[in-house]
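Here come two complexes built around chain A, the first alongside chain B, the second alongside chain C.
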Partner chain A sequence: MIAFAEAFPLALVRPEAALTGGLLAILASDLSPGANARRLGPVLGIVSCAVAMWLACAAPVGNVGTMLAIDGVTTLARLLILPLTAFLLLGGMGERRHGNDTGAWSASVVAVGLGALIAAAAANFVALWLGLELVALAGYTLVAFRGGDRRSAEAGMKFVLFGGAVSAVMLFGISHVYGATGHLDFVGIGAAFASGAPVLAGFALLLAGAGIAYKLTLAPFHFFAPDVYQGSPAIAVATVSTLPKIAAAAALVRILMTAVPPSLLAPVTLGGAIAVLAAVSMLLASFTALVQRDAKRIVAFSGIGHGAAVVLAIGCLPSREAAAAAGFYLLTYVGSNAGALLCLSVLERARGSTSLADLAGSWRSQPWVSSLLCLFLLSLAGVPPLAGFLGKWGVLQQALAAGMAPGGSSAMVVAVLLFLLATAVSAWSYLLVVRAVVFAEPAAANERTQRREPVALATRVVLGVSTVATFGFGLWLDGLVALARML
Partner chain B sequence: MGPLLACVLAPLLLAVACVAVPGLRAARWFALAGSLLTLGVGGFALADFAMRPGADFRLLESHAWSEAFGASFRFGVDGIGAAMLALSGLITAIATISAWSQERHPRAYHALVLVLLAAMNGVFTSLDLLLFYVSWEMVLLPMLPLVGVFGGDQRRYAAMKFFVYTLAGSVLMLAMLLGLWNATPAAGRTVVVPHVVVTAHADAATSTLHGLPIDLSHDGPKLVLVPRGFDLRHLALQAPHFETTNLLGVSLAAFGFLAVLLACLVKIPAVPLHTWLPHAHVQAPTAVSVLLAGVLLKLGVYGLYRVGVPLFPQQAFAWAPTLGVVGLVGILWGAWAALGQRDLKRLVAYSSVSHMGFCLLGLASGTVAGATGGMVQAVTHGLSSGLLFLLVGVVYDRAHHREVAGFGGLAKPMPVFAWILLLGALAGAGLPALAGFPGEFLVLAGAFTGRGAFPWLGGLATLSVVLSAAYLLWTVKRVAYGPLQHAEHATYRDLDGRERWALLPLVALLLAFGLWPAPIVDALRPACELLVQTLQGGRP
Partner chain C sequence: MPDISPDRLDGYLLVAGILFVAGVFAIISRRNAIGVLIGIELMLNAAALQFAAYGRFAPSAADPQGQTAAVFVVVVAAAEAAVALALFFAVYRTFRDVDLEATRELRS
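Right after this comes the complex of A and B.
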């Protein structure tokens, strides 16, 4: 027993343990014969998230063997993932339409959260792969939750095929990393690189990174996102577009900081290349979003752009402020993105779909939800004083600092300019939604366009929190500093 | 909390109150209260500058924001800021009165106007570049629904065009902001303060300059340690260093000035970036048009004055001839295009393009007369264009169209309207003894005494006096005089009480500034003198 406790210090992973307990409790409650017990799922999930959050606030730091690293990055990821999971469960309670107040739904959301926690703490490719797989498998369920719906089924199928392929590529890369360096843990790989690993190891590392790029919907791994998002329930999109991004970003930060030699990881070399790739991804997303005619597809392309912005900040490593900027960007993104998708979920219920034509004039029948949707979208567009602005601010500031430092990287400055261009272009695509929702007249004054869907209390709470976050983080400059201090 | 912070916070709180307080009548009183508060503070500051002219900043206040970024909620106004603040309050009050019986979503409408007011006040009173930028951008948020929801038939296109034009202009400004911050070392930078700045701003009693310690006891060059941050006055002290900071092969100053310039030229708007304006004006409701022409266009001029020139004087000096030409093109193109307009609102919109060109020409001329004239013109154009848009709104309320050709002889049923229209047109055309005159005259005088090609530009700009008299008086003739076009026009009632109350302050000020321009010129001149000295200091 003593040996086990040494090898596996449970004190470090109490939050993960709490969430696992919650997951098991949900599954058990779902087996009970009473209908009321089955409705307990989301509540159990939220309670376990709250407990995990409380534990995460006081969690010690250290390593769990070579598998998990509980450090500042993990803590930050936990503090993002746990509340978000709770709010997603709460949102699911409000938007119970596809049977998503059942245990299966809540268990899947909690499993995505748990997988994200593991991936964010991973210090080893095996742990990372397991975490990401848990995220993916639970995500498949969420996306295809609208059982009878063909588009939901199509979305689920695409998600599974893409996810499976990427997972295989990642494993293939991991096996080569192991073959070339003899290590699976990031620190060991880093040491092998430092003592002169073969070039093959570098390429293998790139392949292994495919899984992360996929979770961040980075081009060229982004093709699945629009189709999957369009076909899935909006609240499922809110889950699979946010939690995996946080996990992947944390994993990317840890890999770059430990497995990649410091000489290579600088804005003038690898960082600059990462930044330019990210900026190209952003540009691609912003231009493609212009021709979309469905709000969820626009949100999907926006997610691609925002994932790339996080990567741009990560390209500025090893500065601690860069990691903090990425974290802050995710914080502002998930708040506004989840809020926007929840609004879309309500409007989808009223209008039958989220195509811009169907959303036309929804402001008249549902003024509050529609106004909030626009607010969240403008935040995603980065208009001050909303939260998205400060996220952009942090990323740009890091990238420009890296570009302008003595002997700085001009690739970074180029990336900044591309980022700005993408920001201006993407604003137009958000405005397409605003135009449909607020400015346009409903196609016909029929029962469907005038229906006013009730908004459940749970949904209102989540929307309220998102609104407060969207306004509150917008001018909280010191938040960037606070996060940097945490790392 | 000082008065300037109140001018930003109070409208925001009142906007929340508009939405929160039930009942449709309260909102307009909130909007009026917010604008009158602004007018009061701005008017008080302007009167102070008129009585005790100076280039210093007054009503200074600062509240903590972020120490790490060196950003604060810093407020302060010089003569120009005070004039703009007063204008913003006055025009918003008038726009609120003119929309007193707003029927569509009155609470949302007045709340949005209040948010707009807060944003504009933030731009005009901010001494912190980040606060300036946030306020500058915040203008977009209320404008989008104000044009898009409350506007005319093509409002959606107009609103989106407005939004994207201005957003594209300002993302570059964001990059400039961060570039400037990064260009300062974390420990700050010791700079030599130009003599003119020492004379204008140094406080001998406390041995400080803009809050920074400075040794004034010796005769040598005055040194000051500037911390990293966004204080506009501190950034201006570092101007020479921005010239030498490199960004992708160009100097940071070249990039930064271009960014500010683009953002400002879109707002002014200068030809060829003006194409959003006629759309936005035609589609916006009357009160929003009044705000747009009366205050929002001034943001562009103010941005150049407050950020562009002080932070990048060398660039501004190098760009001045080009800006003069851009101003001239705006003056002539706007006037020429106005001649051909058939829609009254488009006509006034193009006349705005022309009149705002004078501000740009004056600012670029590099002379005290020109710069002062440009700023006076910015203020008086706010009054005269506001007046004209209100009058267009008056006829639109009665006829439900704005085609010039559809009117005629309105002076018979509406004599007071016709008199005020004539007065507004004459003021717009720059007739002496009305407020349009001193600004245009000073700009032309400044251009004639300017360096290089400016006398030529001034000479060509004089043509616009003929053109503007032509399009404005021709319009008055077609609308108000001649035979009545339709029998039903004879039944139009003249201006009612509310309309008169909205127009009265504008008429009074147009006459007052025309007959006795000294106070406003006195209030604006010292700040303009400093601006010109800064600009001349940018001579290589």
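Right after this comes the complex of A and C.
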């Protein structure tokens, strides 16, 4: 027993263990013949998230062999992932109250959260790949969850084929990294690079990075997002657009800090190359969003842009503030994004779809939900008193500091300019939704077919928390400094 | 011409490379979702073969990392195939087809 405790220090991974326990409890309750026990799923999930959160706050720091690294980045990722998973479960409780498949749904959400925790803590490419696969497999089922719905099924099929292909490419890259360096753990790979690894290893590392770029919906791995988001239930989109991004961002930070030498792409600086790639992806997303006619597609393109903003901040590593800026950006993004998608979920049920034509004039019949939707979208656009503004401000500050510093990369300055342009353009696409919701005349036929249903209590709670987060984080002026101290 | 005798690494890498390229080709050329899934499985197995081969011919003779990774790949590939086929079944029930061109409703 002592040998096992030394080889596998369970104390370090208590939050993950708690969430695994919750997942197994949900699956067990789902097997029970009583209908009441089956409805326990989300409650069990929320309780296990709360326990994991409590354990994460007091978790020690250290390494689990060469597989997982429990450090500041992991802790920050845990503190983002666990509350978010709980709120997504609560949102699901409100939005899916008539389903008899609550257990399967909550198990999938918890599995996405667990996979995100593992990927965020991974210090080894196999652990990282397994974590991302858990996120992906559970995400596929969430996306296709609306049984019998053509669009949901199509979205699931597209998601699984695209995700599977990217995952296979990533794995192929990982196997070559292993062959060229003899290591699978980030520290060992970093040491191999330091003592002169073959050129093949660098190329293989880029292939392995494809999987992470895909989770962050970075171009050219973004093609799946608009179709998948449009076809799937809004509350599923809220899950697959937030949790994987947190996990992938944490993994990218750890890989860049330990495995990859800054001179990988010499003579180009790695940070500058990453920043320009991110800025191009952002620009692409913001312009394509302008021609979309469906609010969920607009949210998809906005997600591509926000993922790219996180990557821009990560391009400014190795400063601690850069990692904190990425974390703070995610903090501001997930609250507003999940809130907006929850509003869209309520409106989708009432109006049949989230196309701008169907959303037209929803403010008159559902003033509260529509106003909140506009609030969250304005936060995503980066309007000052709201959270999104501070997130963007932090990233901008870091990128400018990295670009202007003596010996800094001029690519970073270009990336900042593209970032500003993309922000201005994407603000316009959010305003298209706001215009449809508030100012457009509702189609007469649409008003007749509308279903009125009171908003569930669980949904109200999550919307309330998102609103508080959207205002609160917008006023947390030293949030970035506080996060940097944690790392 | 690489030396493809069984006790050299080159042959295994060659086979893995051919499998991977065949998988990529299947993904690009197939219109049927199951054909694409087979392509993905070929790519995953190319990676698994490569892990095992690299582990076997590692400089420090018995490096278990590669073999272990290959086992993980086999398990996850099976899970992935199960989820994918379940989703294809859901598509088939509504569209009566799993042709990627025939099952397109989502677009801008």
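Keep this in mind: the second predicted complex is superposed on the first by the 468 of 487 C-alpha atoms of A that agree within 3 Å, B and C clash if a C-alpha of one lies under 4 Å from a C-alpha of the other, contacts with A are read in each partner's own complex, and residues count from 1 in each chain.
Everything that follows uses one rule, which is that contacts are C-beta pairs under 8 Å (C-beta built on N, C-alpha and C of every residue); 3 or more make two chains touch, one makes a residue touch a chain.
All of these numbers come straight from a predicted model, not from anything done at the bench.
With chain A as the common reference for superposition, the partners chain B and chain C occupy compatible, non-clashing space. Legend: residue contacts after superposition of the two complexes on their common chain; A:Met67 is shown touching neither chain B nor chain C.
With both structures placed on the common chain, the touch criterion links A:Arg435 to chain B but leaves chain C unconnected.
Contacts of A:Arg150 after superposition: chain C is touched, whereas chain B is not reached.
In the superposition on chain A, no contact is made by A:Leu283 with either chain B or chain C. By the touch criterion defined above, A:Leu420 lies against chain B but remains apart from chain C after alignment on the C-alpha atoms of chain A. With both structures placed on the common chain, the touch criterion links A:Leu377 to neither chain B nor chain C. Superposing the two structures on chain A brings chain B to within 22 Å of chain C, judged by their nearest Cα atoms.
Touched by chain B in one complex and by chain C in the other is not one residue of chain A. In the complex of the two chains, the chain C residues touching chain A come out as 13, 16, 20, 23, 27, 33, 36-37, 39-40, 43-44, 46-48, 50-51, 53-55, 58-60, 63, 65-66, 68-69, 72-73, 76, 79-80, 83-84, 86-88, 90-91, 93-95, 98, 100, 103-108. By the touch criterion stated above, chain B contacts chain A in their complex at residues 65-69, 71, 133-134, 137-138, 140-141, 144-145, 148-149, 155-156, 159-160, 163-164, 167-168, 171-172, 174-175, 178-179, 181-183, 245, 247-248, 252. Remark: chain A residues 126, 129-130, 133, 137, 140-141, 144, 147-151, 153-158, 160-161, 164-165, 167-169, 171-172, 174-176, 178-179, 182-184, 226-227, 230-231, 291-294, 297 touch chain C in the complex.
By the touch rule above, chain A contacts chain B in their complex via residues 363, 378, 381, 383-385, 389, 392-393, 396-397, 400-401, 403-404, 410, 413-414, 416-417, 420-421, 423-424, 427-428, 431, 434-435, 438-440, 475, 477-478, 480-481.
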